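Data first, discussion second: the structure below is written as structure tokens.
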């Protein structure tokens, strides 16, 4: 699974909105060997962006040290039910994906 | 004098350290459980459930997991159970294999070629298990216990649990037999006791962080026997189903809340 | 593969996704640095003041170096970025989060650790840096077979 | 063998209807398949496994004594000192590999010691299925008698306690005599971290 599904939930908490996003990604370091002993090429997410109603609020740069099938949580000030959250990523091989959810 | 005081201090520190280790490992597990990639496998599994496959080019959507054709709600929590059409007791994976061969017209050989996957490519049984098990969240665990074959399966499972075998003379109880024991840092639940089996069975299948895989109970039986240094138990065999049946029956009454997270 | 990905690949082929790629910046020098010092230099960090307002929540012992959960946050007023450095990793810089108005300076993520190491987190506020450190011991779990 | 059969008949029989170890073995012979070095001969119980299964690891004393004596005869002691190299011993104690169906035959196996025992204090990740062996040689010394006992116990734990959960690491062909000597050193050498 290179870039499989993403899953996100955004919940209104006490004065903030809690966002949790799951991404399907191998996050290969370039140092792991496959069963045939060949090095698996580096393949990892480099950029992660969180938008609220179309406006960027978190811009993350990440390395291959983030675990496989990444899980990230972020928090937004305030927020309201129905706010549209969008998370997108871009990896070192040019692949990308994104997902949307409404604050519940 | 100062040296003796230092030694005593070091001994105290070592004891405190051992207690801290156990507590910190607990915290580690709690933290990884808070965001489970198991949900990603549920998404994949749903797609597989609905995808036409095999010579008959049909999906598994009419598969009867015990609650009627296509009924998923609560099905996992009531397995293993006796199925009249197969005249045998089946767990989820065994039943899925049955549906693949009957509904989809696939050969047993082809359908079991890759029952356990890898991080790069999960097996269809793994993704399907995650999806189907998730439809039992909130349902009480109640495997079949009334049919004579269900009773026989449970009894066989219990006998297998205590059966010492293989190059290292182990039974399941060699590791899962006494309270409060660990392998390395891993606590070992005494799975023939309900209070220990309940929280474990209620969270399988599970995402295993050390291998980035969704692992199933058939896999767990297989890999325990591997570490017990026996030959390999055949996937969906009476042996593996009986052990799963015994463990699940021991956990009955607990509310299912998986798929969970494992080390 | 999923529909979304197919759509995205199609968009890429048409060159439509290029603006997304252009937006994203990734500090190659900082992430390629082999020491924490070099990584921070590449990020333009000259020095940092230790601060209790920078918080790292991580277990003291992790059973598996492939997945170490960490939660980082800052109570320093005006924090606009959090930087996570795993001192003994071959490439120590693990992530940099820039927070715009609307986001709290908070992130939770799972990281890989090659061995027992200090994790250092820096918070940027009004051009100054504040830091905290926490050691995580990496051990072996399970039968090891 | 007939003596063994006779002795086994003395053990309390399980309740009627419950699968006996013979029944379970038949099921396993049908449901398992050999893979790699793990052949089907391994699902055939020997006398020790059978008796321990039948008695839930509480064999009648007489019987246990007789079978322990048989197990004692399997232990082959090398000539000379039994004290090997504790540093190699530490690596063997750490490794959990060997004898599984995906281990390559001929590759060095480990003793899986840390899975169950505490040994060197530096290793925090140790199991508790077996007793802590920290400081093992400090109180016992490293006399030839102690070396002899430790070597024998690692080679075949069933010679000392018939239904012990510890594998017969020498008798099962898991560890070589050289490796067992290295483990003896890990436990007894005053320079070993176990004793420091």
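Chains here go by letter, A, B, C and D, matching the order in which they are written, and residues are numbered from 1 within each.
As a working rule, a contact is a pair of C-beta atoms (placed from the backbone, for glycine too) under 8 Å apart; a residue touches a chain by one contact, two chains touch by 3 or more.
A quick note: this is a predicted structure, and the numbers were derived from the prediction, not measured.
J.: A-B versus C-D: which has more C-beta pairs touching?
T.: The comparison resolves to A-B.
J.: Can you give the whole-Å distance between the Cα centres of chain C and chain D?
T.: Their C-alpha centroids are separated by 46 Å.
J.: At what distance in angstrom does the C-alpha mean of chain B lie from that of chain A?
T.: 28
J.: Rounded to the nearest whole Å, what is the centre-to-centre distance of chain B and chain C, using the mean of the C-alpha atoms as each centre?
T.: So the centre of chain B lies 34 Å away from the centre of chain C.
J.: Express in whole angstrom the distance between the two chain centres, defined as the mean CA positions of chain A and chain C.
T.: The separation of the two C-alpha centroids amounts to 13 Å.
J.: Give the residues of chain B that touch two or more other chains, as numbers and ranges in rising order.
T.: Where chain B meets two or more other chains at a single residue, that happens at 21, 35, 183-186, 209, 212, 226-227.
J.: When you check chain D against every other chain, which residues touch at least two of them?
T.: If we look for residues of chain D contacting two or more partner chains, we find 100, 114-115, 124-125.
J.: Which chain A residues sit where two or more other chains touch them?
T.: If we look for residues of chain A contacting two or more partner chains, we find 4-5, 67-68, 71, 73.
J.: Going by the touch rule stated at the top, which chains touch which?
T.: Listed by label, chains in contact pair as A-B, A-C, B-C, B-D, C-D.
J.: Taking the complex as given, what residues does chain D use to touch chain C?
T.: Listed in rising order, the residues of chain D that touch chain C are 94-98, 100, 103, 110, 112, 114-115, 124-125.
J.: Contact residues on chain C for chain A in the complex?
T.: Result: residues 1-2, 4-5, 8, 12, 17, 20-21, 23-27, 31, 66-68, 71, 86, 89-91, 93-104, 106-113 of chain C touch chain A.
J.: Residues of chain B touching chain C in their complex?
T.: It is residues 20-21, 24-25, 27-29, 31-32, 34-35, 47, 183-186, 209-210, 212, 226-227, 263 of chain B that touch chain C.
J.: Okay, in this complex, where on chain B does chain D touch?
T.: Residues 14, 17, 21, 155-156, 159-160, 162-171, 174-175, 177-178, 180-186, 188, 225-227, 229-234, 237-240.
J.: Please output the residues of chain A touching chain B within their complex, sorted ascending.
T.: 1, 4-7, 20, 22-24, 26, 67-69, 71, 73
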